[in-house]
Structure formats: structure tokens, C-alpha cells
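Following this message is one structure expressed as C-alpha cells.
Letters A, B, C, D and E mark the chains in the order given here, with residues in each chain numbered from 1 onward.
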Amino acid sequence: IGGGGGGGADGPGGLVVIGYPESGIQLFRDYYSVSDGSEEILVPDGLRDGAMPGQVGNDMENVTGTAPAAGGPNQDAFNSLFQDEYGSSPGVFTSQSYDSVALQLLANAAAGENSGTAIRDQMRRIANPEGMTVTPNNLVEGVEAAANGDDVNYQGASSATNFDQNGDPASAAYAIWEFNADEGAAETQEVQSFEGENPEGSGPSADSGPGGSDREISVGILLPETGDLASVGAPMIQAAQLPAMQVNDANPAGLSVNAQVEDTQTSPSAGTAAAESLISAGVPSVCGSASSGVNVPVSQQVFIPNEVVGCSPSSTALSVTNLDDNDYIFRTAPSDRLQGRVMAQVMAERLEVSSVSTLYVNNDYGQQLSNRFASVFEDTFDGEVYRQTAFNIGESSYSSVVETALSAPDS
Amino acid sequence: MSVRDDLAARIPGGDTGLILSILLIVYAAYVLVGVGLGYSLRGQFNTIAVLTFYIAVFAMLALALNLHWGYTGLFNIGIVGFMAIGIYVMAFVSKPLYQPGGAAQVGGLGLPIIVGMIAGTVAAALVGLVVALPALRLRADYLAIVTIAMSEIVRFSFLSGEFEQFELFGTRVGFGGGSGLILNYTDPLTAFFEVFGLGGAYLGLVDAFGALVPNNPKPVVDSLVYGLLLLLFVAAYYWLLKRTGESPFGRVLKAIREDEDVANSLGKDTNRFKTKAFMLGCGLMGLAGVLWFMRSGAVTPNTFRPRITFFVWIALIIGGAGSNTGSVLGGAVFAALLYQGPRYLKNLIDAALPNASAPSGFGPAIAPLVSNVDPTPLLLYTIDSIRQLQLVFMGLVLIWLMHNRPEGMLGHRKETAAGIPLTASQARDKTAETDGGTTGGEADE
Amino acid sequence: MSDVPSSTGSEIDTDEPDGAAGVPDADDAESGSLDLGAGGPDVGEPYPLEVENLRKSFGGITAVDDASFSVERGSLTGLIGPNGAGKSTTFNLITGMLQPDAGSVTFDGEEITGETPHAIANRGLVRTFQIARELQEMTVLENMMLAPKFQRGEALWRSVTPGFRDDVIEQESELLERVWAVLEFFEIDHIAEEYAGNLSGGQRKLLELARALLTDPDMLLLDEPFAGVNPSLERRLLDHIHELREQGYTFLLVEHDMDLIMENCERVIVLHQGQVLTEGSPDEIQANEEVIEAYLGGNV
Amino acid sequence: MGISETYTRGRELAVTRPGSVLLGLVGVVLLFDLLVSLVTGTQSLSGVGSLVWDGLMRGLVIGLAGIGLSMTYSILNFANFAHGDYITAGAFSGWATTYLIAGLGRADVGALLLVGASGSVFGGTLGIGVTGTPVAVVAGIVVAGISTVLLALLIDRTVFKPIRDEDGITLLITSVGVAFALRYLMQFVFSSSVRGTTAQPPSLSLYLVDGAVRINAHDIALVVVAGSLMLGVHLLLQLTKLGKAMRAMADNEDLAQITGIPTERVVRAVWVVGGGLTGVAGYIFILWKGTLGFNDGWLLLLLIFAAVILGGIGSIYGAIVGGLAIGLTASLSVIWIPSSFSRAAAFFVMIVLLLVKPEGLFSGRSTA
Amino acid sequence: MSADADSDIATETVDSDDADAAGVSQETVPDREPDALLEVRDLDAGYGDLQILTDVDLDVADGEYVTIVGPNGAGKSTVMKSVFGLTNLMGGTVLFDGGDITGLRPEDIIHEGIGYVPQNDNVFASLTVRENLEMGAYILDEVPQDALDAVFDRFPILEERESQKAGTMSGGQQQMLAMGRALMLDPSLLLLDEPSAGLAPDLVDDMFDRIDAINDDGTAVLMVEQNAKEALRRCDRGYVLANGKNRYMDDGDTLLNDEQVRQDFLGG
């Protein structure tokens, strides 16, 4: 196990960096300017951005990533859809965003009305097995079937999208990926699947869907266009708009979709205000919001009391699982409980590192994932976590945090 | 030169009339926009409730700031820090005890909500005291920098892992660090009605409302009622601050704003007056923070960035520093036009031009204009980016105001700092008859 | 503090051009008396103000150097000296605006060295500034209403709590009448509703003096109150200062106008280079070689 | 008398001394703590060395940007909250130039002019850096300076000049408006994403006992540019009447007018000098840290204020020393306190120093 | 010195709201003098919207010594400021040396050869005494050493306190400094607003002597004084201003001896 350059010989052998590109670019730049890159670095989904090496100005060869695999059965179908529409390759959480909206459209078609409660009851029915398999490729047919009251089983781009008791994905696959600087891409090396106790999903669900034709489905998209997550949010919004476009182009069963986009500005208060305006517009279900820091207040203050379904494509924090939500809150991204475990395993077994420090963005996501990683890494894999260091978004230099993370453990 | 030659004089009903008529116009405009957007009745009610909420919180904050700046000349740009303290302390006190398994990572002290609100207000006032003790000796612009730095220190403290969780009285409490706090106490509104034993009556009202909004009327009624409650708070703030200003106490504050040495040499303990006024204002800001966020389900430290402080300043300046009426008006106008307005404007435009898809960036937006003089993409991009441009617009409004109406919408109205009207005619009359002492007493009612 | 509004007897010479200071009618002194409603100052020590070995230096300059003097109750005492002798600095030291390096100040038998300016003012020792400092964005009336000490409504709770506020308002009305009386006396009642910032240099001086009187002081320290005041008004003011003095108020007056000092003061203290050069009656001072050398004739 | 003397002395001790005494004490404790952790090995010497270097670099940026703020603060008598966004504006204009020159023919001109908005082109791919594309960097610096001067003059002409006679707070509030408008206009044009702007610069390692401090070419560029500009300003103010006129205006503008100082010309000169420095500071700030976002200047602004106030408003040396103090505090604080408090520590130092020495370290001397 | 200053002045009454304004000597509008240095005609000026001066006329001939007296708030300082372009001019003209300087910026007016010592705030408080004096010669390329020496001769205390911050000087010392600063450029017209205010008696005399001397050297002086008797005694011509209007104009001694003027404005 090699020691860090700047951190001296006693530094950790590996680093876990949890964050977003917004500050990740700066952080990695500062890392490469104090270290010779001898640490093994593991990053989660938040930093899966093929542009990172280009932005950092380094190949980032010592970086390995994990991410909820956009490893659903129909990933490729989604990729080409996205590529065709926007002429660029999809980014992180785009497939989850697509799935989130697709599921809501299906549930809405099956429910036959723009009612949050009815949609909630349909969510598992159209997502979990039994019935016609619907994929991004045949979404239009799927919507038609749902509107006819048929059973459908959506198989998404990001996963099989089966919901468990909590409204979380019942199973999850994680990709282990590395940067390819030349291609400007993050390439999946391997996919690991985790199946929960009920991979087929579980939880309350309606037995049948009334369906209905010739109506307008309304759906809200509440994602960050500005603020810290702007760069992640923009492609997510694009992806979220795809299902609506598909349906509007084909008008199955006379259905059309009115998709309203609101910006959370990555801020809880702006997010809440935006959600309120979706409620005013009578939206029964919303794809959003992106980060847990926004998702939790928006769900608590707006979605749950107003009986509106919220299905976040990217809020992975543990707290969302445990919300007292009357079953209105779903998500298509798996909980970080799983990812923390995967990361610990990758660190210990694949990268063969036994001493680690973590550097995490100071919010729900970073804090909980870092904690989860640390506890699994120490308890299950006998590793040692020197320290967990938080960093704040928007600093102009992370050299000192990087120094701290690379330094020897407190004695 | 008349001090009170202003807008209110031209509107029947004076100040109240002015405020009411402006509110009326604002609400009417929103209802119209709602009609344009095809909102259901529920949507309309919801819009009104949300609008009322923001009008109320900005009015409260502007009023509190007016005490600092308008009356005492204390340039406080750390408002958001006091709000953060208010809501965080309130959450700390009122959150239920920690229970493993819930969404909340930490618990609170489990005390009643009202205790939490008082604690939040008091805590903000006390932090005000801590800032005041050293900082009030500084020049206005230094005080500004100190207060904004303080608000950032507060934010960093709530962000920090050190206070994330700790043990107190054997239970796990804390401020949640970067993940913030989940506000898992009973809904304050419910709690409020239950305190007065009105829980049942309130549910009756909700049911009655079901006639208008059949499906799940509770959240709509909740927000409407909460909005109204906040307006009551605004009225209370107004009343309190008006009395504060129109009194010998307020007079000393005004004197401090003008020249502290003079007030001092006339035997006024200026530091005490300043500290009191500062603490009162900070407490009111803390309470406004509580009222703003207490029903928001969760709070995170990064909500409390300086931007909100500047919003409050814009609100105050729109209305006119020095005037309580102006502060309320400024809060209302800011909330309706600058804060919430652009969102509705964009939705309206979107509704009018449904299928226009905007380019994804400035590059693709401007290229057609340059290459073949096609401004449409740029226009679409502009509309699509209205949320960013909203802040540009706020900036321009601020500049315009400072250029053209630095004294605010209402014109120059430094309200007289005395419990009785200080006019020549009145006093002149009184020199004739000795007993005129009670005539001027009702100035503030 | 008296509850009875004072009788107001100052009359404006209506023949005067507007805004121009009136010519004092010397014989009107009695009827034009100004009662501050305070029933006159307390009578206590014969020397209300005693300054002992006061010293203050700024860097290398010793502005006040071991100065000791006392002021007799009910007197109008002049403090003179060349420019830079340390007169204003002495005022600042006495009133707590500056802390002395050494020495003590005693007022009414109690040591007040190092007390805060407001505490000293509240003891009844009030000053005016050499360069008038009015509260610009407040009207003249507000400026005046500010002055009276210990107003009930200065307690925040009393000002806002229903019930108690009536008290406050009652007192305000009483004060207002006193204020009008004083304003009329100083002939600035016609600008009562004007912002103080819009006054002319001389009007500001008047306002400042009027305001100081309203604090109901036992002793007033006046730093060149007449600089820039029209001579007619100056005479009128002096008459009333004399009158107040007879009621028992004590004045310490810094002034450069020797004629004025000689005609009006019963005692004169001469400061020179921070030290008390001499003190005595005007005649003694005028005859004193040292004074002539240092101040009246010689070079600075 | 005895009482009074004790009182006076006690008061003096309580007012003037304890601040400094306490500060000194705290310093000693911190230093001791550092020594202990160095000896026990919890801190490595090279690690501390790296922190010091990082702090110095930050400090130079803050100091350089602070000079402009300090100058306008003292003569126009207001705290310019738009200053941070002038920094950003300078950075964007300069970097657009650098991208254009470095990438001409290799990428779409639009993408280059928008400084690679939303990942369309990477500075790293273009090999940008002082060693890789020196011409592009120099051109960028020049353009950054010039365009910020123009921007500052334009805003002064349209926004500040009409309200020149108002008090400082009015201008301050107005500048907040300018800041908002400018910042979000830049976001509108250049998008809100952060981009990496440079290729990894060559670096050398200074070996300390237990490791190395790495210093790269951009650090050195920063030192050279900042150092020479600071020297330049010093000479400018010493050798021309501008410095004196600035001080007179800072003191009493009406009187300065009466004395025949062409106040408007001086104001313009100050914007030119201050704006130029600010723009260049923005450029090299980005060169040094390697990323560019629309918020960068604003996030730096509070630290700059802290530095300027610390150093004493109006003094260029004050700005420089204050900048270094703030930069070092922000970097080195992680040795003792959690890193999330590093900014807080910088503010805290400012507040404490304000209390001990309200006029700042170099108060009242704007050019010397 | 214009010996004929009073010879060709026609007297006429100016309308006034006061019944007894028709005093012995009356407000006059002099004919335009061929050698007039400063001519103020029909000046209306004020602050913001507030008009203070109404139809003020005023002349200073080359080398003449003119004093303005009047009650507090009459607008005396406003006249001075208006000449120097520091008020809101609402009407009328200001001619200097035949050229129109109405509304010029102060920095241009100083180039014309007018020096001005304002009533308040007349030193740079944070600059040293020497720097203050140097600022007086700002528009020159070099600080004229002889002018500096002359000022130091006149006010030795300034040389002694050369490096003291002006703001820490006593009130009287500041007044001297302000005078000194204005003299640095050797102006052809000097505007002095209450130069003797706050000065010790010997310095008052000294100050008036200096002003006489300056005037004797050919510099015209326009002075506002509350020390009216002394000022009128020494000047060539005096104006009495009240309520923002011309009230009386005559040569100094005449005004001084006029019963009405003494009664109303000079304190008997």
C-alpha cells in the first residue's frame, strides 16, 4: 500500500471521495497538485461524469467508481433514445429520471385520473412483475395497455424498477466503472447486482387499474436547473421529458401528456416554492427532487400532505426510506445503504486497500454514504478508516481538506 | 416642507387603505394568472395561500430590519443567520426525542412547539446580543461585514460535523450537520388549534371547505389558515414596532442613527439603547425564521445563504427604510412581483407557447441570431432561464430604486419619533390653554 | 422634574425681518424669563466642579498638562486661552468623551473621572460642542424632545405595553410644551418642523444650546456657543444666561471674544499650553502680564 | 484618587490590553499544539508546509483583488459588493480570450468564447497553461485587465456616478444590485457549470524532512504576476499625484473639489487601476485554482472584505497583508479545527482583529 | 483697490415684506463696473428643491475687499458656495473676469483664480498639516516652496505641527490651516467664510491684518463675517444679506454708522 505524496508515508492507502462534479473538479485538481496519485480513489455515482478527466486535466487513472448501474435491462434502448433526441450521451441519473417519469405516466394511465392517491396505488402494479413487459422502446404501447386496464410490468433503463415496501427499488445493480480520459467517458467495468429480500418488489398495490382514454395526463418535473446540481440536473430534465414526448408524438388511446418543469435551484426553500406551484397547477405526481436535502423537505411539506406522488430519480439518502410518507414517496435510485456496502467491498476486495479516509460533500448524501461506507468497511471488511472529512460546496481551494484527508490518523 | 406629503395621503383610508388596495391588486393579478394557467379552484386557493405566506414572511422580516436600519441605523446584513438560529433552536427544542429507525437522524428535546418558538426567538435575540456587544462600536459598514460574516459562521456551524449529533440528558440530539434536520414534530398548525381546544372545530372547517375543494381539502385549508395566522403576526410586528418607533425610546434610536455622541452627551446610554434595539430586531428575525420554516418538513444549513438577507433588504428598500407601513408594503410587493412573480410569468408564457423547446445553452441560443438574424432561440432561452434572470431583474430593480426612489415607494416618510404628533398647530393651540395633555395621545392607534 | 408646564413669556419682535435675529429689548428681561420647569438646580457644594491635576497627551503633544481649577456654584466662569491651549480637550475630559491620563474630576462632591458621557450628563453636567452637532434627519422638535432626561418612555417595555403607554404619552405632552417655550425663547420656533440638517450654521448653534438647556442641567459647559451667532442674538442669549445663573445654574464658558468674557464673567480661568496660567476676576486677568503676553497681545 | 487610578488602569487593561494579550496567548497555545503534533507525528512538516504554501497563494489572490476594493472603498466611501463579480467578469473575459487563442481551429469558436460551457471543450484538452500556451495566457491576462476596467468604468458611469453624493450605505446597497445583475447575467451567458480551465501544470517538489511540498508553474505565475502588480501600484501611487489626490478625496471630497482636485478624473483613475488589478486577479485566481464558475468571485468577496478591513481600508499594504493573513488563516486553521470551519475561522480572525484594532493594521495610510 | 467703488452706486429700494425695511441706506443695484472681477447677477440658488437665494446681486472689483454680513441663515454661505459651483443654481449668472463661470465645476473655477475657505470642514482631517498645504497647490506641478514658506511665516504653529494630523489640531489651528491652504495658489479672488470664527483675539486681529495684507497685495477678497463691526471697518464695501435677498449695500463705514443697520444687524 503506497503512501500519499503530500500526506507523507503514513497517509491512508485509499480515499473515498463523495461529491458532485461542481466541487469535485476543484477537489480533484487540488488532490493531483498535492499528491502524485498513488492513492486508490473510490467515488460513487455523484462523480460519475465522463467529462471529469477533461475538466480536471488529469487521466484520473487511480479513480474507480461505483454507481447504481444504469444497468437495467433496457439501458441501451434508453441510451439510443436519448442520443437520438439530444445528440449527446446521457449523464448520471438520466435513466432513473426517464424511468421515474415513465412509471408515473403508466400509473397515471392505469389510474385513469390525475389523482395522487390513485397513482400511488398503481405505482407498484405497473412497476412490479406480472403483465406485459414495457420498456423505453415500447412505452407508448405500454401506456395504451395501461389505459386499457391491462397489467403491465415496466422494465426500466436503470433497473427492473420493482418497488419494495418503502417505495425504493427492490433490487439494485451497481456498476463499477473507471474514467476513460480519451473518450471523455466513464466506462463500466463490471456490474454487481444486489437483490433484496423480494426482488420482485412488495408493498401495497391496487389489484386492477380502471384506465381510461382521451385525457390529459399531467406530471411534474422538479429538478435543479440552477444551483449546485445544475450540471447534473440539466440532462436529467432532458431525460425526464423524453417519455412525455414519446407519448405526445403517438397519442396512445388518445392520451396526451402535460409535463411541467420547475427548478429547485438545488435549494430547499426554492424547491418548496417550486413544488407549491406544481401543486397549484394540479399535478398529481412529480419526478423529483434530485438531492436529498431538497427531496426531504419538499416531500414533507408539499408532496405528502397534498397527497401527491413523488418519485425521485436521484435522491439516494437513507432518510428518504424512512420518511413517514403514507406511501406517496418513491424513488428509482437505490438507497445508499446498498451503495455504501458495494463501495466497501470494492475498496477492500477489488482495490485491496485496508486503510482509507473519506472526503464527503457536506450534505445528506455525502454524510450518510460516508458513514455507511465507513461502518461496513470497518465491521465487515476489517479495514481501517483514518478519518472522515467533510468539505463544503463552493470553496476556491480544497488543498487543506485534501491534506487533512491524506494525513496520518490521529493517534 | 411637509414631511407627510406622500402617496397615502391621496388614497382613502390612509396607510391601511394603501396596504389593502395594493394587496387587493396583487391578489387579483394572481387569480387572473391562475385563470390563465387553467388552475382549478384548489390550485387558486393554493396559489393564494403560498402568496400570502411569502408576503407575510417578507413583511415581518422587513419590519424587523426597519427597526435596525430605518430607526437605529444599524446596517445588519446577517438577517439570515438570525433566522437560521431561530428555526434551528426551535427544532432542537421541539423535535421529539430520538427514536431509532425514523427518518430523523437526531432527536430534539421533545418540548411543546410554543416553547420551541419562544426559545428560537430568544436564542436569536441572545446571539444578537453576542454580536452587538462588540460590533455596535463599529462603523455602519463594518457592522455590515461583521454581521454577514456572523451569518456565515452560523451556517458553517450548523453545517459542521461537530454539532451534528451529541448526547444531552441521555438522549441523542444535534443539528444534523450538512444533512440538516427533519422537522418531525406534530404539525404546528394542528398543535396550535389543539392548544386552544379547537382541533375539532378546525377539522369541521376543513370539512366545510370540502364543499369547494372536494378532494383532500386539508392541505389547502392548512396553508390558507397558516397564511392568515402569519398575517396576524405581521400585524403584531407592525403594532409593536410602530409603538417602539413612536416613543421616546424610538427617538433615542433615531438620534443614535444621526449622531451617537450627541445622544450620549445628552445623557442617553446609547449602547444600551442600541443593544436593546438590536436584540429586539434579531429576536423578531429569529421568530420570522421560525414561522417561515417551521412547517417545511426539514431544514438544511445551506438554505441560509446570504441571498435571503439581500431579498429582505430589497423588500425594505422598495417600501422605504424608516417607515413601518413601507416595510409591510415592500414585503408584499417584493414577494408578489419579484420573488414569486417570475415563476408565474414563465408558466404563463409556457402555457401560451406550449411546444416551443428552448435551446440548452447560451451558445446554441445566440448562434442563430448571429448567423441568420433569428432571435427566436435567444428569446426562448431567455424565457426558459427566467429564474436566473429573476435575480438580474432584482438587481436592476434595486439599482433603479436607489437612483430614483431611494426613499421607497411611499416617498420620504421618516415617521415622527414621538408618542404624540409633533406639529406646530397643535402645540400652539395648547400654549393658550394649559390643559391639553391628552389630545395627542392616540397617534398610534 | 416639574409637572407644570412653564409659563412662556418670550416675545418675538414682530417688527423684525423674518429669520433675522431680533434686537433684544433689554428691559424685557423679567417678563421674558425662561423657566425650564425644573425649579432650579440643586444647591450643594459651593464648588460643583473641581478639576485636579488633569493631564492628557496625544502622542507627543500634552494637550492638558496638570490643570487644576474649580468652578463656583451659580457663577458664569470663562475659560479662555490661545488656540490649542487645551480648552476643548479639557471639556472632553470633564464630560467623559476622553479618558484622562491622570487627575480627577469631581462634580457635586462626587468623583466622576472615567464615567461614561451619558452618566455624567445625567448627573447634570452637560456640554455643547464647539462645532455644532445637530441630528440632521430629525426635525428641530424631535431634537428638542430628545433632550429631557429620564423620560418614562425611554424604557422600551413602557413604551409598548398597553396601559403604561398612557403615562408615556402624558409626559410627552408636558415635555412638548416646555419644548415650545424654549424654542420660542430662542426664536427658532418658526423652523420647529424643519429638519435640523437644513439649518444654517448659527441656527444650529441655537438649537444646540436650547437642547442642552432642556436636559435640565445643573451646570453647562459651553464650547464657543457664540461663534457664528449674530451679535444681536448673542446679546439676548447672554441676558438669559445671566438670568439662569441667577436661578442657580452654573456655567463654564469657552469663548474668544474678550469683550464678551470681560463684560459677562465674574471669574476667568486662563489656560495656556495645557496648564492653568492664572485665574481671577476679569480685571485681574486683563491686567495680568502673563496673560497679555500669552494671549491678548503676544504671539502664539 | 487612588480609586480612580486603579479604575482607570483597570479599565485601560480591560479595553486595550486583554485583546492583544489574549491574542498572543492564543497564538502561543496554537503554536505549541502544532509543535506537539509535529513531534508526535500527527502532522507532517511537509503537510504543514503545503498548507502554508496554499495559504500564501490564496492570500496573494485575495490581496491583489483586495487592492482594488480597498481603493474604491476609501475614495468613493462605500463597500462595493459587486467587486466579487468584477473578479468573475475579468476571469470570464480573460479566459474566453485564452480559450480562443489556444483552441482556435481545434474547436468551435462559440464553445471557446463561452469558455467551454457545459463541457463542450476542456482547457485540459487544449493544453492551457503558462508553459503550454504562454501566449494565450498572457493575452488572457491583458484582456481580463482591460475588460474589467471597461466594465468598471461603464458601471460607474451608469450606476454609481448619478448617486455619487449619496452616503456610503446607499452606494453599498446599489452595489448589491449591481452584483446580482452582473452575476446572474454571467450565469445566463456562460451557464452555471464549473469548468476546469487548465492542463495540469508542471510542478516541482520541495523536499522537507518527511515529505514534499509541491509547487507548480501556476503557483509561480501567480507569485510573479501578483508581486509585480503590487509593486507597480506602489510605484504608481508614490510617484504620481494620484496617490495624494486619492487620500485627500477619501478624507473630504467636498474640500478636495474646492482644492481643485478633478475628482471625477481621480475616480475614473481609481476605477482604472482598481478594475485592472481586479480583472487580472480574477484571471490568475482561475489560472491558479484551475476551475471557473460564475460564483467564484462572489464566494471570494467576503474573504476579500475581511482582508481589506483587517489591513485598514484605503491602504494597499493593508490589503496585501490582510489578504495573506486571511489566506493563511483559512488554510492553516485545519491543523486545529475541523475543515468545515476554515472560512469561519477567517471571518473570526477578522472580527477579533476589528475589535482589537478597529481601524485595521495599516489604517489611515492609503499609499504608504 | 477700487477707490470709486461707492461713487457710482445708485441706490434704490428693494421690495421687502417688512414694513420698516425702508431704512436710511438702502439696497442698491450698482451699474456694471468696467473693472469688475466678480459679478453676480440675479442669482437664485438653493439646495435640492429648496430655494435660498432670490435675485442676489453682488460685485467685487479687481483688488476690492468686500464683506457680507447678515443674520444666521440669511444665505451668506450659500452665496459663497454658489459662486464656487457647489449649490443648485436656479437662475442668474456669475461672471468672473469677464468670463461666465456659472455652473462650472469647482476644479475649473479654481483654475480661474478663485480660492475658497469654507465655513466648516475646511481641512483634510486625516492628512498632516504639510500635506494639507500641499493639497492647496494640487493644480500646480510642484509645490511652490516660497508660497509654503510664506504660509509658515504667517502661521508659525503650522510649521511646528507640520506632521500632525490636521483633524487633531484645535479649532483655531484648523482655521489657520484652512487659510494657509487657500493662500498656496496666490488667487486673484479669495472667498472667506467666517475666517475669524473660533480664533483667539490676538489671532482675530492678526487674521484681519493678514487679510488686509493679502488684499493690499492686489488680491480681491469676498468675506462673510459675524464679527461684523471689525469686518465692516476694514472692508471697502459691505453687503447686508437677509432672507436670501440683498438688503443693504454701501461702503463699510457707512453701513457701520447707519443706525438702522446697527440696530437690526450689528447688535446696537
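Convention: a contact is a pair of C-beta atoms (placed from the backbone, for glycine too) under 8 Å apart; a residue touches a chain by one contact, two chains touch by 3 or more.
On a predicted model such as this, the values are computed, not experimentally measured, just so you know.
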Joint neighbours of chain B and chain A, given as chain labels: D
Selected pair, greater C-beta contact count between D-E and A-D: A-D
Gap in Å, rounded to a whole number, between the CA centres of chain E and chain A: 79
Inter-centroid spacing, chain E versus chain D (mean Cα positions, whole Å): 47
Centre-to-centre distance between chain D and chain B (centres being mean Cα positions), rounded to whole Å: 33
Chain centre separation (chain B, chain C; CA means) in Å: 45
Multi-partner residues of chain D (at least 2 other chains): 118, 187, 191-192, 338, 340, 343
Residues of chain B touching at least two other chains: 1, 156, 159-161, 360, 388
Shared interface positions of chain A, touching two or more other chains: 226, 234, 362, 390, 392
List of chain A residues in touch with chain D within their complex: 5-10, 21-23, 25-26, 29-30, 32-34, 51, 53-58, 226-227, 230-231, 234, 362, 389-392, 394-397, 399-401, 403-404, 406-408, 410-411
Chain D contact footprint on chain E (complex, rising order): 84, 86, 105-107, 110-111, 116, 118, 121-127, 131, 134-136, 138-139, 181, 185
Interfacial residue positions of chain D with respect to chain E in the complex: 241, 244-245, 247-248, 250-252, 254-263, 364
Residues of chain B touching chain D in the complex: 75, 134-135, 137-138, 140-142, 144-146, 148-150, 152-153, 156-157, 159-162, 310, 313, 317, 360-363, 366-367, 382, 385, 388-392, 394-399, 402-403, 406
Residue ranges of chain B in contact with chain C within the complex: 1, 3, 240, 243-244, 247-252, 254-255, 257-259, 261-270, 273, 276, 280, 414, 416-420, 422-424, 427-428, 430-431, 434, 436-441
